[in-house]
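The next block holds one structure in the form of structure tokens; read it before the comments.
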Amino acid sequence: MQIKVLSQKMEEDTIASWPIRLTVGGIVLMIAVGLLYAIWSLSPDYAELKWTLAASMHESGVSHPVTAVLMNFRGYDTLLEMGVLLLAVMGTWSLTPIKAAPETHPPGLVQDGLLRLLIPLITLVAGYVLWAGAYAPGGAFQAGALLTAAGILLLLSDWQLPASLLPWLLRLLLVSGVAVFIGAALSMLWLNTYLLAYPPQWAGSIILLIELCATVSISAILVALFLGGRPDEPGSTI
Amino acid sequence: MIWQSSLPLLVLCSSLLPGLIIFALPESSVRIRTTLNLFGAVTKLALVAWMVWDVYQGHQFETRLQFLPNLDFTLQMGPLSVLFVTLSALLWLVTTIYAIGYLEGSPHRSRFFGFFSLCVTATAGVAMAGNLLTFLLFYEMLTLVTYPLVVHRGTEAARQAGHTYLRYTLPGGVLLLIGTVWLYTVTGTLEFTSRGFLQTVDESQHPALIAIFFLLVMGFGVKAALIPLHGWLPQAMVAPAPVSALLHAVAVVKAGAFGVIRIVYDVYGAEFASQLGVTQPLAILAAITILYGSLRALFQDDLKRRLAYSTISQVSYITLGVAIVGPIATIGGLVHLVHQGLMKITLFFCAGNLAETLGIHKISEMRGVGKRMPLTMAAFTVGALGMIGIPPIAGFISKWYLGLGALEVGQSWVVLVLIASTLLNAAYFLPVLYIVWFCEPDHPWCENRHFDNSETNWTLLLPALATAGMAVAAGLLASLPYTPLEWVRFITHNQFYQ
Amino acid sequence: MLSSTALIWGVALILLPLSGALLTFLFRAVATPIGICVALAINLCTVRLAWLISTQEVPRYPLGGWGAPLGIDLYVDGLSMTLLIMSAVVGLAISCYAPSYFRSARHKLIYFWPLWLFLWTALNALFLSADIFNLYVTLELLSLAAVALAALAGSADALTGAMRYLLVSLLGSLCYLLGVALLYHAYATVDIALLAERVVASPITSAAFGLMMAGLLLKTALFPLHFWLPPAHASAAAPVSALLSALVVKASYYLLLRLWLEVFGNVNVGIDVILGVFGAAAVLWGSLQALRQSRLKLLIAYSTVAQLGYLFVVFPLAAVNANAWQGALYLALSHAFAKAAMFLAAGNMLLFCGHDRIIDLDRVVQRLPLSLSAFALAGVSIIGLPPSGGFIGKWLLLEVAVAHALWGWAVVIVVGGILAAAYVFRVVGHAFTPAKNTHEVHAVPAVMEWVALVLATSSILLGLSAAQTLMLFEVGDPFRILSGEAPS
Amino acid sequence: MSFTILFWLVLTLTWPLMLVGMTTCTATRAWGCRLSPWAAVPAVILAVFIGPSETFYFSWLLLGTELGLDDTGHIFLLLTALLWWLAAVYAKGYLPLIEQARFFSFFNVAMLGNVGLILAQDMLSFYLFFTLMSFASYGLVVHERHAAASYAGKIYIILVIVGEVALFAALAWAAVIAETLSFEFARPVIAQSSLLDWVISLALIGFGIKAGVIILHVWLPLAHPVAPTPASAVLSGSMIKAGLLGWLKLLPLGEALMHSWGGLFITLGLIAAFYAVAVGLMQHDAKTLLAYSSISQMGVLTAAVGLGLMVPAAWPGILATILVYTLHHGLAKGSLFLGVGVLGKCSGHWRRLAWVGLWLPALALAGAPFTSGMVAKTLLKMQTLHAPDIWSAVFQTLLPCSAIATALLLGKFLFMLSQPVSTRKTEPLSVPTLMVPWVVLLMLVASLPWWPLASETDLWSGDILLDSLWPVMLAGLIMLVSVTRNQWLPRRFAINSPTFGGQIFSLRIPPGDILAPIEWIIHYILNGARRLCCDELPHRYQSLQSFLQRIRTTIEWQHLIERLEWQLCRWPTALMGFLVLGLILGWGKMSF
Amino acid sequence: MSSTFFFALAGIGLFVLGLYGLIIYAHLLRKILAINIMGSGVFLVLAGLAHRLPDGTADPISHAMIITGIVVAVAATALALVLMLQVQHTTGQAVLPEKQKY
């Protein structure tokens, strides 16, 4: 229903006065030229960072460089990044309860059959992508995305959140990713190394554990974002 | 030793603490508030008396706290600051008694007395400041704290008066800030030294010093009501009588004049200032203010506005005395600081009495009031005659020294100004006295507040008589050891001759 | 061997609010106690960290054990420590204020705590991080949290304000990110210290400079780009607008300052004059607008625009003498306290009168003495009258301006003070007079009034403790004064 | 011995002060009035029995005051004390009971001032007592509370203030030149200093107003008729002399030769002497006439002071003459005034007796033989011989003429009093309290020539008697002629219809003579100033205000700012600003 | 050199296009779309420049940055969309109000 309302008024809402469009276009072009000139004048050779990275790959516990950077070298970034996701959910929940569900028609036969086939396949692929992250492009975020796709498919086919999933439990699920990450970081701290510094021998398994929880919580977060609102708790006085 | 350094701070706290406590007091606890007020005033007076005795022996009191890396917050009790502190402490006690009587039964008294004590703290701070930065700090605090007093009544006129007051004083404060900063950058220090610390500044900086002088004088001129910057004073008369008494006779106006004194003597040094040639224009400006103030006072029918304009002209005597560089003129200027305070506060008390008991605000309504309130009017007469400069009362002494000082330095035109201002003072005070004593009232008095036997509440009457008595004593017994004149001679002695 | 390093307290500063946010999100019933405990814990860590860095030399803290080019470092010096203290104190005040402010709107309080603690994490992370990409992430975290909090009020104004704020901050962040990308690919590192050594004047640097600075100026709402600040700050809930004005705006300013000082160190004269001109325009235009406002919170929001102008007037002054930075930092610190106090006081008055039209402030001085005195004291600090922190800031700026005869900037600083006095005393003036219409009145809990008063007095006390604070600024020599590089 | 002097000195000052205290506060008012007549007793004792003594220095009082009685002061004190004492006793009977308290409080303060300024040896206390006297006598002048009194009071107070201010300047100048406050140390120093002219000119104005110098005399003829008789007696008798005493103390008489100033004083004095008589003859009120006679006599004294300035060598002699002349004039004029009061009060044979009594002081004033007048005038004539040639000739000729003029004036006075006038019935009780002090005064006037202070020259030689006789006789003759011609005219001309002689009698000049034109001019200026201040300036200020208002409204600042702000805050323009800023920063960095 | 230049060119193009769209279009959805385009533009620039190594492999740190950037962009867009819906729900239209009510 919202989409219908939105689409009606999209056409004529530009700030039509052409002089403004012209000037903005002109300035934007100048900026583009400037940036291009800057990039063009960029000196081609650099990349000694690549070698330092290769030098310390062995201690990172994973062989694929991107995952190593993501999970170990710049693990702090990933922690904050997951924080951002969680924050997005909190933001959406604080704004509005879930809107009245659109008129849901029971899934057609084809959709139902396809669904029964696809869901297990997607989870399997997600598991593989998660595992492959160690030595090939993949990891928590990609696997999470896949799981989210499965979730959205379920939602579209009129699947309701199981009432048994206590609101508290849902929230735990959302929070689990970041919580596990912090837990791992703190535990390492207990071994009086730096925060987020995993000893080389255990680094691989710790990263895997973190990535596992991250995948689940990321997919839960993304599904919650798709719902676009907070599930109305029965008891809460919202 | 710690006693030496903590005494100035104690003087400040003796009015600060009661003020803060009074703020917290509920409106109904009249007894506690009165005792606190009086206790604060008496302790302050006692401390100051102790200090006067000590400073006379030559002790030096100084509190020094680090404020900025090489600028610190210093409170110093030199002879000059003792003069102003004693004046403010004494008159605070008297005005508190007066205010207690005056504001009987009126709303928001906790707020009033709170700000009242803060205002006196600021005045004491201004007096005791050891360097220009501390002076600026208390000077601005004074502006802030007096604003609520001016706006106390809460009427529209009061708010307008408050706004005019700020519209004048805040830009003044800003001028002062720029002047102080510039001085600091030029000389690197702001400490008051008895003969000024600018002699050593090299030649190239002199135009800067002149510019700084005028910035500072304009900054102080706002409060000292010099000619172009005096607009706020007559409008601030809308404040209740004790406020206009303490503020316009003692605290605010004198802070400005004291500032000018500090600059000329303790920052520039009298001789150096005259070498720079800045004192001559200042003297001319002061003279114009004296005449202008008196002229405007002639045509005011409202009693307090007439007194306000007379304050404008009287305060410029101090500036005139300071601007005529010479030992005797300095004595005249400084002693007028005290005398004018005493006389003017008496006049305001009497004006307050009239307003409070008979509801008289206009001079035309004062016909034959001498019979109805003889004592108040006697005090008023003493104050008025003192203002004109009639001998036994203190005003004459300062005029005498101003005249002498001016002639000694060869500025004979100042005597003409003194003569003209005396004539103008007479022109606007004597008719009032004539109406009060020698005319018959044309309508029965509307008894605003009735009192059993005496003409008005004793708390309103006694302060007026006390200050009138002090004014006559300061004039008649001027050469006793601890009178203002003797003290000022002690100041000028080590100002000029050491 | 490593955990003994001082910055472990810095790490605690980040993890505490983060875990607090998670806990308050999980356990809603006990959100307020957790929140306040976390706030107190953060303050303790901040004090401990401040004590450590002022007594001993604190090394950089490599997160994850990897060195600078590879991993991310945490670094704290005088500049960031001051801002950490600022956010700790203001944060504590807001944490105490918010529960009683949302007393009637429990559902908002439930979501206020996690969002606010997330914002606090972002602030602490931003002040501590020494890696520009990490700063992008923290900046993003900060913006989203701020937008979510701003939208918490739920009214139409609040939502549109929040939307505009979100779009603006996303635009700013993206420009900043592009700048980071260009810098990374030009100098192969994203660490500020290494960048400081490697950056040379080249087209790529100026492009990155242009992008990053423009992005951050947009987020700091300097004069021509101030359009989003007033509606967002004015229509948000009182504690939220307090933290927006006092903390969030300062974070992007800190980032801008950090880049200006370290990464683009050898900036040319022309740029800082341009920033100075925009700053001066902000001071004058902001104050003028504040004078015209009829609603109290809009007045305070425009006052923020004006006071931010001061922070940019310092650029041309600092080009002449590096001491001016200390003045700017002092102004930022005292402005944070004063502005937070002002917004909280305004919140009290709004709650009390039901509206915040300045003309109808019916005799507030009698009924809400503490709030009005908080507002007045904060006003004193904003104007820069002597006893206050604002005065010290202005004094340091004026000292530099007058010493080098830069009369233009001195006049702007001073005129700004007078205009600030005009709009502060306009409000205070109205509080004395009886308003025309009387309306029903809600009692205001004492905690809210006392918090506002404590914040305002702290901004005044800041003025009295100038010497120690200035010593704190010099730790780690952020402004290159002691090392003599910068002209002084 | 010195302690008793100090005691009496202090008593003379504090006793009247105490009495003033008693009369002002209501409780002790009755006792105050009863004691007031004796206020002057300590002064009389000091003057008569103790005489001149050394000066006492009170360091604590008013910057250090020196009080003491020197020789000139002794004579003045004698005159003042006696006159004030007798006037006080006279006033006790003269005034109705209810007015006495108010009258005596002002009376005693004025007396304190008058006695005080005689005792004062330093400038400040002199100025203090001088001011006290002047301001207190204002109360005496306006005592009657009717319109004429308040008008006279206004003129009096204005001139007093001008006098005060001039005196202030003179004393300030003297103090600066001499660096000391006491008179006798200051005088020699002032004599040598170059700024002498300033001091003398200001002293001339300051004391001239009090002494009735020619232009500044206008208040005298106005004040005397309205003041109660004892007050005007004292006013004319001793208070005017304060101006003269001021000159004696301040001017460096006998120390420096100032030919020009001496000439000026003499000319002023002589003009005053003759002009006052001329105008006095045209008055129709007894007291005004006496006032004019005082002005003329003071003119003579001013001339004597001028002589002293011109011939410093002969100063001691001149001083003695001036003292005698002052004493004579004071007592005589006092008795005349009291006599007028007595005449006004009683009727029938008492009135005729009083009229005859009046003849004695009148003759004394005219300088008839065997009277103090003759003594004074002859002494003066002898001193004028020392004057340089032309001035002594002037003196020789003019002195007798002034004698004639005075005699003529007093003749008219006596003639006027002889006319029957409606007498107010007085209570029998008060007549003795009036008569006794008057008679005592008459006896004093009569016995004055034989007082020890007269100089040693033989006064009773034949030619002196003759010299003093013929002017009186001549004046009597003129009087006789003018009076008798009056009788011949037919009845229908009223008594004051003019014969030639009577013409000069009936021409009417308002008492303040030259005051009228001056006042007109002042009113004109004041009205102009008021019109300027109250109408012109505010009007112009209003037009300026409205002009500013118009500017403010036409440009509609308010609206302009609001539109500009709205424009700035629109999304596209704001972001365009953003782009431009980014460009400037990027490009700025590049090119510099 | 030439290949990275083309990718960077495309990235900058996208960035600039998004910028233009953000400024010009009033509808909130268009603005959010514009922001996404700008985001992908930036990531394209990052990716393009990452491939300038002599041995042809990509620079992992750039890739890590891109991943983080994408996640943050997702979160921001989600919040923006919800906010837009809320604005549309309360004010009836999904456009930033022009008439400032100062």
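Should a chain be cited, it is by its letter among A, B, C, D and E, assigned in written order, with residues numbered from 1 in that chain.
FYI, a contact is a pair of C-beta atoms (placed from the backbone, for glycine too) under 8 Å apart; a residue touches a chain by one contact, two chains touch by 3 or more.
Composition by chain, UniProt nomenclature: A = Domain related to MnhB subunit of Na+/H+ antiporter; B = Multicomponent Na+:H+ antiporter subunit D; C = Multisubunit sodium/proton antiporter, MrpD subunit; E = Multisubunit sodium/proton antiporter, MrpC subunit.
Since we're looking at a predicted model, the values are computed, not measured.
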Original post:
When you check each chain against chain B and chain E, which touch both of them?
Top reply: C, D
Original post:
More C-beta pairs touching across which pair, A-E or C-E?
Top reply: A-E
Original post:
From chain E, which chain is the farthest off, judged by mean CA positions?
Top reply: D
Subject >> Chain occupying the most central position, where position means C-alpha average >> reply: B
Original post:
Centre-to-centre on C-alpha atoms, which chain is most distant from chain B?
Top reply: A
Original post:
CA centre of chain A versus CA centre of chain B: separation in Å?
Top reply: 73
Original post:
Between chain A and chain D, what is the separation of their C-alpha centroids in Å?
Top reply: 109
**OP:** Could you put a whole-Å number on the gap between the CA centroids of chain A and chain C?
**Re:** 30
Subject >> Centre distance in Å when chain B and chain D are each reduced to the mean of their C-alpha atoms >> reply: 38
**OP:** Pull out every residue in chain B that's touching 2 or more other chains.
**Re:** none
Original post:
Mind pulling the chain E residues that touch 2 or more other chains?
Top reply: 15, 19, 22-24, 26, 45, 49, 52, 61, 68, 72, 75-76, 79, 83, 86, 96, 100, 102
**OP:** Find every residue in chain A that makes contact with two or more other chains and list them.
**Re:** 15, 20, 24, 28, 31, 34-35, 39, 42, 46-47, 49, 53, 74, 77, 81, 84, 87-88, 91, 95
Original post:
Name the touching chain pairs, would you?
Top reply: A-C, A-D, A-E, B-C, B-D, C-D, C-E, D-E
Subject >> Residue ranges of chain A touching chain C (in the complex, touch as defined) >> reply: 34-35, 37-39, 41-43, 46-49, 52-53, 56, 72-77, 80-81, 83-84, 86-88, 90-91, 93-95, 168, 171-172, 174-175, 178-179, 182, 185-186, 189, 192-198, 236-238
**OP:** In the complex, go through chain D and note every residue touching chain C.
**Re:** 558, 561-562, 565, 568-571, 574-575, 577-579, 581-590, 592
Original post:
What residues of chain C sit close enough to touch chain A in their complex?
Top reply: 1-3, 11, 15, 18-19, 22, 25-26, 28, 61-66, 69-72, 106-108, 110-111, 114-115, 118, 121, 125, 133-134, 137-138, 140-141, 144-145, 147-148, 151-152, 178, 182, 185-189, 202-204, 206-208, 210
Original post:
How about chain B: which of its residues touch chain D in the complex?
Top reply: 299, 385, 388-392, 397, 399-400, 403-404, 407-408, 415, 418-419, 422-423, 426, 430, 438, 475-480, 485
Subject >> chain D residues within the chain A interface of the complex >> reply: 571-573, 575-576, 579-580, 582-583, 586-587
